[in-house]
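Chain nomenclature is as follows: A, B, C and D, assigned in order of appearance, with residue numbering initiated at 1 for each chain independently.
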Amino acid sequence: MKDALFRRVAGDGAGPYDPQEYRIEEVFDASCMKDVQSEPDHRNVAINKVGIKNLRYPVTVLDRDKGQQYTVAAINMYVDLPHECKGTHMSRFVELLHLFRPKLSLKTFSDILTQMKSHLDARSAHIEVTFPFFMEKQAPVSQSIGLMDYTCRLVGSINSSKVDLVSEVRVPISSVCPCSREISVHGAHNQRGMVHLRTRFKRFIWIEDMIELVERTASCDVYSVLKRADEKYVTERGFSNPKFVEDIVRDIAVELKKDKNITWFDVSVENFESIHNHNAYAYISSGGQPEI
Amino acid sequence: MKDALFRRVAGDGAGPYDPQEYRIEEVFDASCMKDVQSEPDHRNVAINKVGIKNLRYPVTVLDRDKGQQYTVAAINMYVDLPHECKGTHMSRFVELLHLFRPKLSLKTFSDILTQMKSHLDARSAHIEVTFPFFMEKQAPVSQSIGLMDYTCRLVGSINSSKVDLVSEVRVPISSVCPCSREISVHGAHNQRGMVHLRTRFKRFIWIEDMIELVERTASCDVYSVLKRADEKYVTERGFSNPKFVEDIVRDIAVELKKDKNITWFDVSVENFESIHNHNAYAYISSGGQPEI
Amino acid sequence: MKDALFRRVAGDGAGPYDPQEYRIEEVFDASCMKDVQSEPDHRNVAINKVGIKNLRYPVTVLDRDKGQQYTVAAINMYVDLPHECKGTHMSRFVELLHLFRPKLSLKTFSDILTQMKSHLDARSAHIEVTFPFFMEKQAPVSQSIGLMDYTCRLVGSINSSKVDLVSEVRVPISSVCPCSREISVHGAHNQRGMVHLRTRFKRFIWIEDMIELVERTASCDVYSVLKRADEKYVTERGFSNPKFVEDIVRDIAVELKKDKNITWFDVSVENFESIHNHNAYAYISSGGQPEI
Amino acid sequence: MKDALFRRVAGDGAGPYDPQEYRIEEVFDASCMKDVQSEPDHRNVAINKVGIKNLRYPVTVLDRDKGQQYTVAAINMYVDLPHECKGTHMSRFVELLHLFRPKLSLKTFSDILTQMKSHLDARSAHIEVTFPFFMEKQAPVSQSIGLMDYTCRLVGSINSSKVDLVSEVRVPISSVCPCSREISVHGAHNQRGMVHLRTRFKRFIWIEDMIELVERTASCDVYSVLKRADEKYVTERGFSNPKFVEDIVRDIAVELKKDKNITWFDVSVENFESIHNHNAYAYISSGGQPEI
């Protein structure tokens, strides 16, 4: 038996990956080598997911305002393995990723998943892509421009021909404690928090829209550049808008429930309490759909 | 309204926490302070989990051979919050934990969960406790003794009166690649891997039993002290026992399916491949029961 | 040549490690095995540090109030290797640690380092021990008791017969921004911060003393249990005591400079700004002594 | 007093940051706000470093083969603060970084450091930039192409007018144990390791050159794509080239000492031992120059 490689057989390979342009072919004589992975297995145990984990790769992701942005992802790719097969072909995940790298987004996830299923002879396929995402953001008074970073994650699965996508954002926020404000003569404890929102949807949604939805629910959102007039603004806005983790997670849930495009969500808020060395946490799930 | 504290009203507090010995009482005049958390909420959104996250605490856990061992845990504690309540009482989690600290194990989890539900006026409660666990282990030839460390996690939930427990172990192993061994004139690539096993069960199970089950399925288990004669042994044992991630995850699944006490499991193996900078991964779930 | 092991030859092994009670002996016939590590090396390059890294071990550390406390450490141990030796004997580090485990503190560091140098035939030895340390702490008004956790690190080196010790504490604090307070009509942004203090000293110092010194310089210190009356207290205390990272790092430096027992220090403060997703940082070194 | 902002006063801002094109100006009336940072300080303690830490930013770095590549960095920026000044102006670091972002490399570090010193009225300035760096790499037999990722770090300081630069690479490698190979009938334990190399130099050096130097000293280098013929090659190459951590760190030191362009280095190798749950470690410093 010979070893297989992806080879381009048509086109120039410049645009996004077109499966018509490639085929898997045997490119060198590996007939002397036993293909252990392809041997039969007799334990009668199917494997839900097998593949590669934590591969770092530069990727291009869709950007609502600029068309696309460059970033770096940590990528996991899995397929299922039927009970009668001994092993999967790990190198094909990386080869396939290398071909798809130019265009990675919710829009191309179905293509990647379909190709994974096909090239790995599988019935289901999974991909998880985690990356920092950047948005330009103006300070509220001085209009000074900086970049905010958000850790995002796209998760896709295909099962038979049904594709399931989940879009995740982690959004740093500022929260002011209502209890502390109420009972104290001056001031109120406040802190950085992190919101983790996961959504399923009917039509494509922009990462940026989910980030902005979360930021609107905070006591105040956070910025990378703040001049003194901005600092005054965000301090006063937060103080006039105190919220518990319970309030923030609920306000996000209320917004998401209004959106008919969102078919499922869960959301957590974790506050890095300024008065403790542990965190406050709240979590809401819309229920209904199982986790990916 | 006054603020509440746990106070011992009977007994000497020396043994494990006995709820008969404590009551929540109002211990100082906080009547001038508004209790913002206890106000009604009108958003009509219940919260699945609210509480504290990542609190480090010294704990005592059950040890099969020595009765108990001292370790340090990172602890999360949550309850649900009905739609009509504005906030929970975060400080009560820490107070309750402080009382239970002397004895933390699967055996006492039901008590803790019941107390959480009661003292926080909740319908469900959750606790997650992650800690390093140590076992003495003799080198296979020299019998030299060292300690192995395993990251473990106990997760408990109570819903109405039904308690759901999950026991998790992370076990480092050594794996030798069967393909590499088969096709190479000499040697075979091998590496450290990490097995993550989660189980539900009918009767109490020892963490140690789960760890030993996993270690038996590896190409070879790992040790903290190995003299040269041991190193020869583990090298040769691994080489004569090559396994893919697929093999290890399946062999663990086969063993668990034989055990009538295990009602649910999932298990993953992640190999820190010595020939790549990414990892190989395989995952099997017994299916059926939802995740905790 | 035969393989060597630590064996107890006197005493009962119950107390702290007594080198008189142990000797390294050849315990089994390893004469058929080549001792590759002991071969000569011809590259003419001495190695500054060689050993083991990130070994987790349960340890007992000194406690000012209770005598001792149990915790779990991550341990690094190194020796130098002269240019003419090919390799060191990695297993001896773990064996030696296993013997010393009952008593690990600044007070026993000199003994461990001396034994490492001796048993590894080295001219210098280094040990780094990182662990969570717990202190009981009463809430300021309700007197409710909880445990605070601090990540600590003891670092020791021996060179010829000179022992160099560094004691490190990481102390979480709360800081209130003076600028925000000054320019805002209401409130002031505040946040959790982390102080990292390293000291060299003439006479033994308690970890607890260093922690308390740091906590006194914060806008307010942090607690694990705070009832509402406490929350009012810490909010108001922080608000009346606003400090930049620059102020906190300086106030710590001023205190340390007054202490004739401290021969060297460096200290950093990192604030997890509630208005940004990045941190504010300040660092002062007393200069003079080189880093360990 | 008014607040200051960077404003472009000439040019189109399209190329790399040109200080001639920008000036700091007062852009809005902040005269009602007290400038707390600019007040005098009376503690008589200078601060070595004050600034921002862990700001994530997309950056463009020099690429030996392609001119440049896009990646994402975590950035720290500090200046010193004289004893008589109360605070620094944190927002200016981010503003300055935003202007320099298009071109970040060892070549532009002197410019950034000079600007930091100037705009923050400081006598010294420091910048630390950590980022994943990618190199295309062909499998040794099949020539299959993948991307390898390396975590790199550029560190620069300016003191008076003297600039000090350090270039750091972290390179994953594969190592085969010589002892295990020698004493075992079949096989030899091997594992992934991580080399951390830091260098100072006379003339500009490519990150890629340092990475390739390290990879040549391993038992075998690692790849992202390996077909079976490649796997046979890397297994056999590693087995015929066994090395301890001591050997690898020495071989790197020997190569660096030959290079007259390298004025200082230190290098560590950490092996994630496949037979232990702890790591083997070796470290060599060329000595002489102090750490940055």
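Following the convention adopted for this analysis, contacts are C-beta pairs under 8 Å (C-beta built on N, C-alpha and C of every residue); 3 or more make two chains touch, one makes a residue touch a chain.
All values reported here derive from a predicted model rather than from experimental measurement.
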Number of steps on the shortest touching-chain route linking chain A and chain C: 1
Equivalent interface to A-C, taken from A-D, B-D or C-D so that over half of the residue contact pairs match: B-D
Selected pair, greater C-beta contact count between B-C and A-B: A-B
Interface residue overlap between copies chain A and chain D, same or different (over half shared): same
For chain B paired with chain D, centre-to-centre distance based on mean C-alpha positions, whole Å: 37
Distance between chain centroids, defined by C-alpha means - chain B, chain C (Å): 27
In chain C, residues with contacts to at least two other chains: 33, 35, 55-56, 94, 149, 179, 183, 224, 226, 228, 232, 277-278
For the chain B and chain D complex, residues of the former touching the latter: 148-149, 172, 174-177, 179-181, 183-192, 220, 222-224, 226, 228, 231-232, 234-236, 238-240, 272-278
Of chain B, residues touching chain A in the complex: 33-37, 41, 43, 45-56, 76, 78, 81, 86-88, 90, 94, 178-179, 182-183, 244-247, 249-251, 253-254, 257, 270, 277-285, 290-291
Touching residues (chain side chain D, partner chain A) in the complex: 3-5, 27-28, 30, 33, 35, 55-58, 69-72, 91, 94-95, 98, 132, 134, 141-142, 144-147, 149, 224-229, 232
